[in-house]
């Protein structure tokens, strides 16, 4: 599987935000999008996830062996935005259960996922009772309970403490090493660059061009 | 004089002691069966007396409905009064059992109000020729029912016990104005419904063949109410205990994992 | 026994008994559910707070 | 899909917005009418069907504007849009669960309210039938308004303006079918059939339009 | 304080659909009732005041549940609570702006609807007067319900149920003052004065209670 | 002016979160509250701001010269929580104008404040059109447009880019040097420790005890 982005242009209410982006991600590769506030990270992620229309260009997901893109690519993605997409009135378990069933392809159990994000045993708490960082961690657990090859995550580590950041970096590495792809917008480093250098590309939107430690398919 | 004060101090001390849920549960565990036995006995006597009563010259056999209609109505109002006192207790004295009491009483009160409405309607059809009229007594009981349901919905909707307690207590107190309206509506407005004929202290305007079974049934309903209320309070206390155990479990694990992480 | 009013008296008694019985059953079921949950919690090693005397449902 | 239905219904029943309160609200409306028009049983039984229809309309409209808004505010809508093949189906399911949780319990309680309004059994049956057939149309129409509100940050006013001309025909046919069943010269079958047709029509058109608007709404 | 009033009104006209939704709902009710009661103009003008009062009552309840909720969800309520000496004043101002944006336009539209209902000029004037005096009371009472349900995602219906026992007296006196103005034996002045008294009373008690509950609601 | 916190205990729905906190802040001092997710930082800040009742203990603001506490202390505070308290339907200017008038004691103009947070010229944009970080910066501008001696800020730098973090650190320093106080909960350093060492206390809630680089009033 391969995600190919060709000549992508994004705009917000008529204003061009980024233009002519070209890159591609193979299985096991990650793209880290950086840039100052308002540089268009979230806009790019939303265009890739199909939540905003590109003003030009295309996002293609190409299955190995096939020639044409799978359509629509966003059905193969998990999207985690600035919001957590949790219902505060429901318990943590009910929330995760819903997302597991709704997204299909269940992967691991709810309690197992909660252990992985460092919150074992909170299944029965209503989501309203969690602290900001705990909520964020539950919404990360959402990515784990059902399988999608591509994770599109927008500042996933906001509100997380140091220990959880490390946990999350490990989760991303696991996902990559199992053949997934990750596109992350972030202000902090994700804490994985050093280990897995080859596979991490970075895109700085302030310069609106692609720079990476390895050569890119362009 | 002194005797009385020490006694009341003793009572208050005991009352506050009940605030300890464990103590309350212990008391409830023997009080509930005792009350249940008394209730069953009284119900037996009341039903026997009721069914062996003669037919009323005016109302015929439908007077039988009175033996369940009037106690249900009384309990419906008494239950709300209990809740209002509890609401005061919760707001003013902050007695911990008061919130529990309000929340536990609401469904029971709703059930008895429903019975009052239903038996009243079943009595009204033969007596007045219609299931329902919009007279003051009937309407105010209907409003009592709505208030009960609203309180139930509110207490279910707010999960957090402390916030829920505040809202519940206030709304309960606001709704209390309805109780005197129910009680005195028959005197204030000229309506179809029967004015008080039992509770006129000096001389009840009712024959003893009807009065005795009615009073017995009323007593039975009262003990029934308290039995049910105690059971419901016990459930509510356990529910809160479980909730706080779950929360502390979550927190404990959380801090553990945090300290491991560091 | 009730004359021509049986159609009103019998439903009145029947529904009263039914509602009260349902209430009792509902309370019993709640009670045993709570006991079961407590048992599970205690088995999984959760203990109640030491400060039991203050009461966990203190209205503060 | 099923999971969405279940979750929405669970939310509706959980937070006190659902069945119970819908019925209660109905009860409130029915209770205050005699206070206003007076306890004249004849008059009450005459305007009864209209009151019941208005109360049902109001109860189904209340809360409808938040059909998608809450999901949007907490980010759920984004994920739902990404994960699903067809937004039309999503809207349809959401309407269905809204109707099941808010409309249906209320309709099932109509007979009791009919007794309060001193209505004839026939009139009660007629109201029941027309409500069951008619109220889904209101939900489906409302969904379009709700989607419009979500997509336009300043679209609140639009909701009402948009759906009003569509809701009024439903109401008119509903009420006139009811009176057709009771009063002799007025026909029952034809307004009732039109009501069915309206519901079918909007159950298709509503979700399609609303789904399309939702897809445009993300920003 | 003034700034809060201005901001709330601006928001109401910008996003809320406040003003217009109320009027539109009013319009729906007034359209439907003639269908229900048939072309009997006499009956219509007889129940006209009552219908207008019910419609106004329901319309003023429409958006009331969101009085504090939105401020709570985006964190505004926290800051408002911290910054203000007196929550009572805050609640009062918020009620006032809600009434100005939602209640007043609707009342000003009454004369038109009165004409639809075939009402006499005198009756229309009476409805107008009693609505102006009476509807603020409903807003103030509703604020208590809104504060009680502030943390609930869909408090709307519940709100209406909780405040019912307080709203009914307002309705009773409002309607009876109106009929007092039209029909001869019935008095106008005394129910009208009681209505004024109710509004004054609740304009004090409502904000105090609601303010206290809001202060408790933060978590 | 001096903020004295004595024997403060906080709880959440009956569960104790922190206990017996004692510290005091003089003019020009800041307290940085750290701790892992769910350790109670937000709870502490909300108790200090009077949004939650303390289960025990007191928060006193003592005016120089006087003996008794000024009451209530929270009228002397700006509170910035996890939420931004912006109305998305209103423009940035309308939002800030409202807060300026509502809080009283206007300090600097709206456009000046926006320049200070690095967003010059966006007065007329509706707040809905801002990116996550830009919204946060507008809500920081809220602290600047009216004067309150004490700032209580909960993860103020979440969603901010590196440049804005530096800007914010400067704003805090300015506020401190003009005699204000700051209480901040954060996972990252605020970027001011090194410069202004003496005046910054830290409180780690994981250990639920006060540790500071200078000696504390206890």
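By written order: A, B, C, D, E and F. Residues from 1 in each chain.
By definition in this document, contacts are C-beta pairs under 8 Å (C-beta built on N, C-alpha and C of every residue); 3 or more make two chains touch, one makes a residue touch a chain.
Keep in mind that what you see is a predicted model, and the values were worked out from it rather than measured.
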Minimal step count in the chain contact network, chain B to chain C: 1
Farthest chain (mean CA position) relative to chain A: B
Type of chain D:chain E copy interface by residue overlap (half), same or different: same
Which of E-F and B-D has more C-beta pairs touching across its chains: E-F
Approximate Å spacing (C-alpha centroids) for the pair chain A, chain E: 47
Centre distance in Å when chain C and chain D are each reduced to the mean of their C-alpha atoms: 35
Approximate Å spacing (C-alpha centroids) for the pair chain C, chain E: 40
Junction residues of chain E - those touching two or more other chains: 14-15, 73, 149, 152-153, 155, 158, 161, 164, 168, 219
Per-residue overlap in chain C, given as positions that touch at least 2 other chains: 56-58, 60
Per-residue overlap in chain A, given as positions that touch at least 2 other chains: 12, 82, 88-89, 129, 134, 161-164
Complex contacts: residues of chain B adjacent to chain E: 143, 146-147, 149-150, 153-154, 157-158, 160, 163, 166-167, 170-171, 174-175, 177-178
Residues of chain A touching chain B in the complex: 89, 118-122, 124-126, 128-129, 134, 161-164, 166-167
Touching residues on chain B, where the partner in the complex is chain C: 19-22, 55, 60-62, 64-65, 68-69, 72, 90, 94-96, 98-100, 107-108, 111, 114-115, 118-119, 122-123, 125-126, 161-162, 165, 224, 228, 231-232, 234-235, 237-242, 244-246, 248-249
Parts of chain E lying in touch with chain D, wherever the complex brings them together: 14-18, 20-21, 24-25, 27-29, 31-33, 35-38, 43, 47, 50-51, 53-54, 57-58, 62, 73, 149, 152-158, 160-161, 164, 167-168, 171-172, 175
Chain B residues touching chain A - in the complex, by the definition given at the top: 159-160, 246-247, 249-250, 253-254, 257-258, 261-262
